[in-house]
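Here it is, the structure, as structure tokens.
Going in written order, the chains are labelled A, B, C and D, and every chain counts its residues from 1.
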Amino acid sequence: MTAVPAPRRVAFPAGLWGMLMVIATEGMLLGAFIATYFYLRFKAPVWPPHGDHAPPIATTLILTACLVATSAPMAIASWSAAAGELAKTRLALVIALIVQCGYLAYEFKDFSDELHKSNIVHDQYTSIYYTLLGADHAHVFFGVLLNLWLLGKLVTGLTRYRVRAVQAIAWYWHFVNVLTIVIVGTLLSAHA
Amino acid sequence: MVVVTERLTRLEHQWQARPGVLGWLTTTDHKRIGLLYFWTTLVLFGAGGVEALAMRTQLARPNQHLIGPETYNELFTLHGVTMIFFFIIPMTTGAFGNYLLPLMLGARDMAFPRMNALSFWIFLGSGIFLYVSLAVGDAPNAGWFNYVPLSSRHYDPGHNIDFYCLGVIFNSIASTLTAAQFIVTILKSRAPGMSLNRMPLFCYAMFAAAFGLLFALPTLSADVIFLFLDRNVGTHFFDPAYHGSALLWQHLFWFFGHPEVYILIVPAFGIATSIIPAFTQRKMVAFPLVAIAELLVVFIGFGVWAHHMYATGLPTMTMIFFGAATAMVVIPSTIQVFSWCMSFIMGTARFNTPLLFIAGFIFMFVMGGLTGIMFVAIPFDQQVTDTYFVIAHFHYIIFGAAVFPIFGGLYYWFPKVTGKLPFDRPGQIAFWIIFVGTNLLFFPMHILGLIGMTRREYTYPSGLGWEPYNFAETIGAFITTAGILLLLGNLVYSYFRGVESGPDPWHGPTLEWTVPSPPPDYNFAVIPTVRSAYPNWEPAPPYEWLDRGHQQVESEGVDGVIGDIVGMPHESPWPPLLALTLLGVFAMLVLGKFEIAGIMGIFTLLTLVGWHSKEPQES
Amino acid sequence: MTVKRLSRLQWFGLFGGAVMLAAGHILGIGLTYAECNVGGARWGIPNDPWEMAILLTAAFVMVLAAAASATIIAQTQGTSYDDDPPLSRIRFFAIAALLANVLFTIIMILDLVGNVFNVVCRQG
Amino acid sequence: MIAPRRHALALLPAVAVLAGCDKQQNALAPESHQAKSIASLFWWMMGGSWIGLGLIVALLVLAWKRRNRRGIGSDTEGDKPGEKFAWRVVIGLGIVTPIVVIGVIFVIANLFVIKTTEAPAADSTRLTVRVIGHMWWWEVRYPGHPAVTANELHIPVRVPVRLEVQTKDVIHSFWVPRLNRTIDAIPGRTNAIELYADTAGRYRGQCDEFCGLQHAHMAFYVYADPPSVFRRWLAQQSKPVSSPPPKLFTTAGCADCHALRGTSAKADVGPDLTHVGSRSTLAALTIRNTPAELEDWILHNQAIKPGNQMPDITISPAQAHELAVYLEGLK
């Protein structure tokens, strides 16, 4: 049995490819939502229609900034996980998680308040507005769940599998943050 | 020698499947999942076929009332949805793709075996979900294209369309999982040395189909989500009163719907490009052009969607964009047609059943393709849109060009799956019956369309010259059915009475023919290496026994350089459980019990946690 | 040229034109759509010059990608597309990309012709 | 557009059968310059298609004849016999030729023919007709005239007419293949095509987009009349009802849905009946317009056109007869 000597190359593992697939298809879904937003916008004589108002610029931007900032601890987490530094990974994850939960909590309160003010069924603007925003929040929420699960896993230390998990979830978060920027940009474009 | 048997037993021990039903429920073996897909889709093919026969019987003569309008509308809707979402895609990707990809790539399993199982169980769930709607008399009834406002709550108050929306999302989850699975498997699980330029064309086809599914399905999901919200929450996406638009539905639907038809056809190209080299004993002509053609047809296919909407009064300038893409999307197909034909000519063709079906496929595909080219001419498209001319066009493509290769593939890989040779003569007879039947069934539709018969009429008046063609079509439909039954019956007979085939009856080019038939649970005892796109014809020294664990090689992606040895997950009960919880979620959604659906969703998340509680062994 | 540079060139050839086709189509169609509906018309973006700009830019990149692929094919005359990688793979995808970019460019040309010939927003 | 070579192509099987059939709704029996240019587009493309198909079949037959020999061309040895020659064929016939052919089709059809079939500019014609789709019948209006009719549409022959298409409910599609291509009726939109007939006559049309239960029974006639006849018809249709309706028309509930111009019946749910007697069919070409069949329709329309929006009227046959006689009298 002659085994052919083959060079080994540091490769991009299948797990991360899997996450890339998730990002691709999710990105496409949200892309369709955003396309719909502009499709409806271009058809409407006034945007936002009478009785609606575009989201507040300042608060929205600040909140988004907070969320996007969590890309840093997530990145640190994935590096230190790869380097096998368990404590550092945990710390970074916890920091990220706190900010993300804060963001989610505020957004949830805000979202429900707004829903009381002007309902999703009010007109086509509110329909797409709340759908987009809701989709974004859903992604953040799922990311939070992932981080919680990850911290649970890390209680019993790092394994190769968990390192991959940290990396993949970090990617997911970078994606969610980019997504949030794009969606917020779309929604704020109602001011233009 | 001792060493060899010892290692084989070790592999057996590592990979062998649980016995009995439980083994099938918890399996992560791509071959078993492929078979599960095969049997399920075969049943659904039967259902779709019966629906078609019922419609053809109704239309055999003018002014017939065997079937009422409501039933007829449900029939053609289910026929479309079933054949597209529940037969061709799962049959080509789920069954053929799952069974063959790892065998062709020289891998022991897919990249994500448990996810692979999950995709099947979700698919099964969605199939049940769809046909329950028929059982409870609420089957979708607004066409597979399901245009608003006809499908809005106001004009369709029943649960029919909710079943459509949720069934489509449910099914597309399964397809998306398969797609992601295929792309990663193709990029990461190729045998050492299989650089992308040495990857079998079948895998290129599967890659193209997966790419299409991954990027096309989300727009459909978005679309049906909007519709579901419009129907059940009261939003205004498609509501003209609020500057919503019925055309928005069509844009999103066809942005998915046109790539979809290429997703249907491309795996068939893959099957054809596997059979042709084997039965002509010659490498495919113009290999790189065929490979890129398979990718291009899907890629350009994303830019042609509005040619389904030429009659909706879009600006000419907009239509030009889609017309241009439609014009050029033809070229990849013409390239392949000539490459196939030249391979026939340059090789020594053996016209056994599989190659016969491929020859028939080329004929049917060219027929459908030529009428397709006619649709480049926007005014002509606008003239015949929604007539039987269009039905003729896409049935030549979908039945002739997508299903013929499936039949050919059945005969080609039957020995690999069962270890028995199929009887050839009955297969050939079956081919000729099906060939005559389908042409008798579909060719008159061209004429019908041109002389004015529109689609989706549950009955038609006499005196317009439509009678003879409709009658001929109905006869053709039954002839085709007879042929298909003979075809499948012969396979069953061969399974029991056929002679042993051995590992490589056709002297096939690709890696699956290097392993015993049926393949062992671990596929390859020794991980092969590859020095050619036709590794069974140009063997290379194997890499190594990977028998120290439940492992497989992970390559680096482009040039087939070994990246890593990874532990593969074992059988798992979680995929079917997760699918079950999802079925619960969708059932509750269709009943409008959103809170309970939410609770079910929590169960889904819990199963996910359980799923990941056991980690694959380290290497 | 070094294999590394050839390889980079090959990936550009394979993806450069494709990306521009996607971009050109989405922007081109979106622009006409915006122009022809009240909401978008308010911005008064002149359709024709912008369409020209978009389509010509896209076509330009496609021609570059085609040229890159052609260069590679010329550079790798010696190897066949089924020899050992990476050179074979580079040649393989160069051949593929050349075809792809030719088709993409023709699409752009047809789009341009259509734009010249048609009044924007005239219902077809 | 160049005139098609019918004689040459008539030899082809498909055409032979096409020639034989009834012409009422036959896209290949065009009666307007639009439909003619579309038809000749088709004839040319079909001719080309037969050539293409013939080529492929020839190649397959050749393959069958040569099933025992390998390779053609300079390089018949080696593991890829005839590869050079094959590449030339693939590039020549598989890439260059189709690009040229399709390019030509694209230019002729999408740059020139399309100019005749695209929507005419508003007020580019002297006469405008508005057609409004309903489930499952067609309302026809003549802007500037009080005339309202249903399921039949009269136009002057050899006069370009701007046809505006709208819908009251779901998407319908207006299609008279012998005069012009399909145009969809989409909620919230007004689409338009030019309607033009070379010769006087009756042209059958039908709803071309699936619109629910009775999509199959949503046909209509376009009558192209000599201008004088048309003008008389329009004047007649513009008049109010000639004689007041029997009480039954209200008591039986007809007035809840139908209008009789000049009376208190003004509903617009169902077709305007002011001149129903002048029409050739009922229920969008489902039945002929005779007293007997109208009577039958009033009593059992749900059996004749299942699911249509009109209920079976529960009155005695005698009363139905009275109504039918009255309505048929409205010429």
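Definition applied: contacts are C-beta pairs under 8 Å (C-beta built on N, C-alpha and C of every residue); 3 or more make two chains touch, one makes a residue touch a chain.
Computed from a predicted model, the values in this text were never measured in an experiment.
With centres taken as mean CA coordinates, the chain nearest to the overall protein centre is B.
Centre-to-centre, using mean CA coordinates, chain B is 30 Å away from chain C.
Centres computed as Cα averages put chain A at a distance of 31 Å from chain C. In terms of their C-alpha centroids, the spacing between chain B and chain D amounts to 35 Å. Multi-chain contact residues of chain B, defined as those touching 2 or more other chains: 243, 245, 289, 313, 316, 319-320, 323-324, 327-328, 331, 335, 378.
In chain A, the residues touching two or more other chains are 39, 43-45.
The set of chain D residues that touch two or more partner chains comprises 95, 99, 103, 106, 110, 114, 117-119, 191-192.
Every pair of chains in contact is given here: A-B, A-C, B-C, B-D, C-D.
Note for the complex: chain D touches chain C at residues 95, 99, 103, 106-107, 110-111, 114, 117-119, 121, 191-192. Residues of chain C that touch chain A in their complex: 30, 33-34, 37-40. Within the complex formed with chain D, the chain B residues making contact are 68-70, 73, 142-143, 147, 149-150, 155, 240-241, 243, 245-247, 282-283, 285-286, 289, 311-313, 316, 319-320, 323-324, 327-328, 330-331, 334-339, 341-351, 359, 362-363, 366-367, 370-371, 373-374, 376-380, 382-387, 446-447, 450-452, 454-461, 463-465, 537.
Chain contact summary for the complex, chain A toward chain B: residues 1-4, 6-14, 17-18, 21-22, 24-26, 28-29, 31-33, 35-36, 39-40, 43-45, 49, 120-121, 123-124, 127-128, 131, 145, 149, 153, 159-162.
Here chain C touches chain B in the complex through residues 18, 21-22, 25, 28-29, 32-33, 36, 47, 81-82, 84-86, 88-89, 91-93, 95-97, 99-100, 103-104, 106-107, 110-111, 114-115, 118-124, going by the rule given at the top.
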